[in-house]
Amino acid sequence: MATSRLTPDEVKALFSKLSNWGRWGKEDERGALNFINDKKRAAAGKLIQTGEVVSLALPLATAPGPDNPTPVTHLMTQVGHDAHEQQLLPYSGDYFAIAPHGLATTHIDALCHVFWEGKMYNGFDASEVGSHGAKKCAIDVTRDGVVSRGVLLDIPKIKKVEWLEPGDRIFPEDLDAAEKDHKVTVEEGDVLLIRTGRDRRRRTKGPWDAFREGLAGLDASCLPWLHERRIAVLGSDGASDVVPSGYTGISMPIHSCTLVMLGVHLIDNGDFEALATACARNGRYAFNFVMAPLILRHGTASPVNPLAVF
Amino acid sequence: MATSRLTPDEVKALFSKLSNWGRWGKEDERGALNFINDKKRAAAGKLIQTGEVVSLALPLATAPGPDNPTPVTHLMTQVGHDAHEQQLLPYSGDYFAIAPHGLATTHIDALCHVFWEGKMYNGFDASEVGSHGAKKCAIDVTRDGVVSRGVLLDIPKIKKVEWLEPGDRIFPEDLDAAEKDHKVTVEEGDVLLIRTGRDRRRRTKGPWDAFREGLAGLDASCLPWLHERRIAVLGSDGASDVVPSGYTGISMPIHSCTLVMLGVHLIDNGDFEALATACARNGRYAFNFVMAPLILRHGTASPVNPLAVF
Amino acid sequence: MATSRLTPDEVKALFSKLSNWGRWGKEDERGALNFINDKKRAAAGKLIQTGEVVSLALPLATAPGPDNPTPVTHLMTQVGHDAHEQQLLPYSGDYFAIAPHGLATTHIDALCHVFWEGKMYNGFDASEVGSHGAKKCAIDVTRDGVVSRGVLLDIPKIKKVEWLEPGDRIFPEDLDAAEKDHKVTVEEGDVLLIRTGRDRRRRTKGPWDAFREGLAGLDASCLPWLHERRIAVLGSDGASDVVPSGYTGISMPIHSCTLVMLGVHLIDNGDFEALATACARNGRYAFNFVMAPLILRHGTASPVNPLAVF
Amino acid sequence: MATSRLTPDEVKALFSKLSNWGRWGKEDERGALNFINDKKRAAAGKLIQTGEVVSLALPLATAPGPDNPTPVTHLMTQVGHDAHEQQLLPYSGDYFAIAPHGLATTHIDALCHVFWEGKMYNGFDASEVGSHGAKKCAIDVTRDGVVSRGVLLDIPKIKKVEWLEPGDRIFPEDLDAAEKDHKVTVEEGDVLLIRTGRDRRRRTKGPWDAFREGLAGLDASCLPWLHERRIAVLGSDGASDVVPSGYTGISMPIHSCTLVMLGVHLIDNGDFEALATACARNGRYAFNFVMAPLILRHGTASPVNPLAVF
């Protein structure tokens, strides 16, 4: 695909131009989640028609690999053979440890996850995130879940490929083309999901190290588009950003701008293969979307298992 | 409240009588989740009317306490002050470790969590749960979430008390009375949620050690009721079981019978205070219920943040 | 026992007066470990005569309790029943997680563990300890172990009690009296170990919360004594400090002054019961001391199992 | 170097022939540690002459790599910037999690770590190691440390190479040749350390995956030699075993036979580079050896930092 179109300075200018700081008050920590309200959720509920449900998450990745240098630790606290020691209530139990930000974990980034020039969303200082966690913009702003309309834009479908290759970049006209193809328009409060086909590629060709070998994703020139549509949340089966970004000095402009300037939470490393199939089969790319992050006070992320209901 | 009515032998006889083993085939690992189908989910979708959403979960409990001997570990991998070391993408990140079964964590028990006479649901042997996790009936049978109709039965409301006291037991006629009061009937495939008021008590009187001091919950005599209604999942703001059980040799008969014999997954330690308020305000005790456990292959549980949408 | 003798201002004045900052160069991170050299170790080797060896450590504490709010997590990665799955090399394995600073863990504090007025030993700034660990004065300065002469001062012995009570304070004249009784003189480079009898009390009366109920230890008036003797390391079966300290605004003056000003590493929560018995039986309170902290780069502590060889 | 000399059946026959089961009583869990007594330790103390001390351990390996698929987790509980929140005692603290058996961690294997035909040392059943740890032959049998004479056999030195290559095997005549070259004889109760030069190779050529690419070590034909010398502990800068073993059906015959049949604890993944230099400089290959495993009840291993004192 084509290369980047902007200069790094133009990207940085976009960051300033697209700021939502102060839009919902100077103490606001929820950002674009404010685009979702009861009315939006009620309307999204109407999208439930067949009752079909699809998970948008990868299983928690407990095996090390090129895309998983720090796998989830999963250990047992008691196994079946020892359960009889608890005569009155024989049971098994387990334990897991996870650093949710990681290229093999489906997770939501809190707005405190990324900083730009020392600030997070709404101008809160980076120093608000200390060793006891985030005092501002932590993941528990999503304690009541994210329930809204979800929209999938399936880019490989419109490109007529099985998957985008690492480093392939998506431009605003691709988003427009997908909307047209899918007969859907992204609207205020939507959870926008971008499919690059990463999981299909992984299943076919094996996992790869995205930081070294690249990842398909959105070019920074999509930022105005995302801002204009007033999306509430952005998700991808990659990292939303194209890697490498192509902009010297700005590693992940989509991350930096959506989280910090727009106040848009991100879902990274979703698995949208089953969703793409379901959308195609149902003939619609909008659905009821539900995601319920764990309520981790002061946390910077949560592993999630988002659901689409048709 | 009253004491237990059955003998331990009568409870054990119930276990045999109420078995769903084989009901959905001898290889089935999903149990009563089979009561939920697309039609049920589509009908539950119709319950979304106002768009109001309520979380049914406690925050992850990171502080030790009488009800939390092994708190969630939450640590930072990078704080704001150090973020600048990542010049191209300054970020913060964290890590958490959790043993999900525990009296301060809202979690779902997989069917492999409890054994009766060396067996789990559908007759699978306890030895199927080894040091690499559960080979049968693991939590990832819920990978596509649990989406259905939820019904709250608010027992303190019908007892006209703020909360049930530790050790208070709930009988089938209480469930009937709550249905009548709430103008709702528990049906096939429902997620049945029982409020005891535990969280209101905790906020007022402080936490307590449920194993030593007791917990309000269902008497074993409710088991036939649960079976007849063909519920898919049972949840409580306690442990569903009354503690102590009152039955010598059977520590938690609701746990043992629902998980092992009925194949009913359990939600333990929910927080139903906001839900009770929402039900009362909306004048209905049935709602769209969505829960998306993490996809932990071979896991015995997942922390969850279940949602009710009105 | 008696109460504190100094004013808080007098204690703070001691901190300035007793400083070893710059004594071993302005880049030094080893502090009073510099008092130990080959000659000292060779001399300590001569103390090995009978070959008797004694551990000075508690077992790692995996059970929660009043003195252990965050116990060591110990879990199995593979148990015996599953070992046969590894046909060529059937094995078992495990995993543990530990926050070494804690009242139930025998550990060594690195010099970066405590700050006074924003500085650690030798004037390094507190900000040198970030989310990737300590860049200065980390525990790996002890990578080649601490091998020296050890001296036990058994305070309950000279007080003719089984143990000191929580809050009992030890004064310089007690140290002098113990030396006289034990026929030993603390010298340059020694590892000085102070027994309060805490473990005997714990075994007899059960564990207690030292922060609420107190701990026997050294009064701040011992600081000049510790400085004059040029000890290399200080250890105790408590926390070296008496708790509460008795000095408003200075919670643990021994910790603050030894770690920050003297550059003396501390061993907290040793178990000196077997050592006291061995010293009494051997008729000497000096012995070969060996401690080998784990080499945790950037770490603030290590759990340890110090040994005394007679 | 040469290939294996025995048949797999001959190796298995050695296992039976070299058994120490019952040698120290049928309840014994310490195995060849019984070869060390006060007299041995007293004699080893005489080896302390210059006072020079050398660590035999690698730093804990917190970075993932080809030889470290599950790195040590090291995280901060409090950093310097946040320390001021503790006004009375500003401090920093940390946390680490480790699975000690691993190719990048210097550790001691407990006798319960490996099984042969379903049994561990002294005939205890593999099932003694359950989800709550090892009931027999756990690592806490070393609670009073391992203090003895240490002997290094530096195989690259006698082969006149910088290091052995992965897969290179060491035969009994190599051990004899090293003894002769080093003017030392391995004796009852010694801790025998075998240098292959692995760390020098790693520093020069980078880390490698030993399971795929091999590791230099002892051929199974060394087992009678090890048995005859009545060593207490065996250690290596590799895994003692040559990898691959060259014996079909026996992955690590040195591990299996020493741990299970001889009752010899193993030190894996030591770093003997500094030790080799010190031995050469001091002109002697015997020294005072001290190792103090953490007292992890029911544990199968401990990370260690063994020390050699000259």
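So that you can tell them apart, the chains are marked A, B, C and D in the order they are listed, and the count of residues begins at 1 in each.
Rule of thumb we're sticking to: a residue touches a chain if its C-beta (ideal position, glycine included) is under 8 Å from a C-beta of that chain, and two chains touch if they have at least 3 such contacts.
Bear in mind that the values here come from a model prediction, so they are computed numbers and not experimental data.
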- Could you quickly compare B-C and A-B and let me know which has more C-beta contacts? A-B
- In whole angstrom, how far does the Cα centroid of chain A sit from the Cα centroid of chain B? 28
- Note on the structure: Note: chain C sits from chain A at a C-alpha centroid distance in Å of 47
- Message: So the centre of each chain is just the mean of its C-alpha atoms; given that, what is the distance between chain B and chain C in Å?
- Response: 46
- Query: When you check chain B against every other chain, which residues touch at least two of them?
  - Reply: 73, 76-77, 79, 81-82, 95, 97, 127, 130-132
- Query: Touch graph across the chains, line, ring, star, complete or other?
  - Reply: complete
- Touching residues on chain B, where the partner in the complex is chain D: 73, 75-77, 79, 81-82, 95, 97, 131
- In the complex of these two chains, what residues of chain D are touching chain C? 37-46, 48-55, 57-60, 62, 73-74, 76-77, 79-81, 83-84, 87-101, 112-116, 118, 125-134, 140, 143-145, 147, 249-252, 255-256, 288, 290-301, 303-307, 309
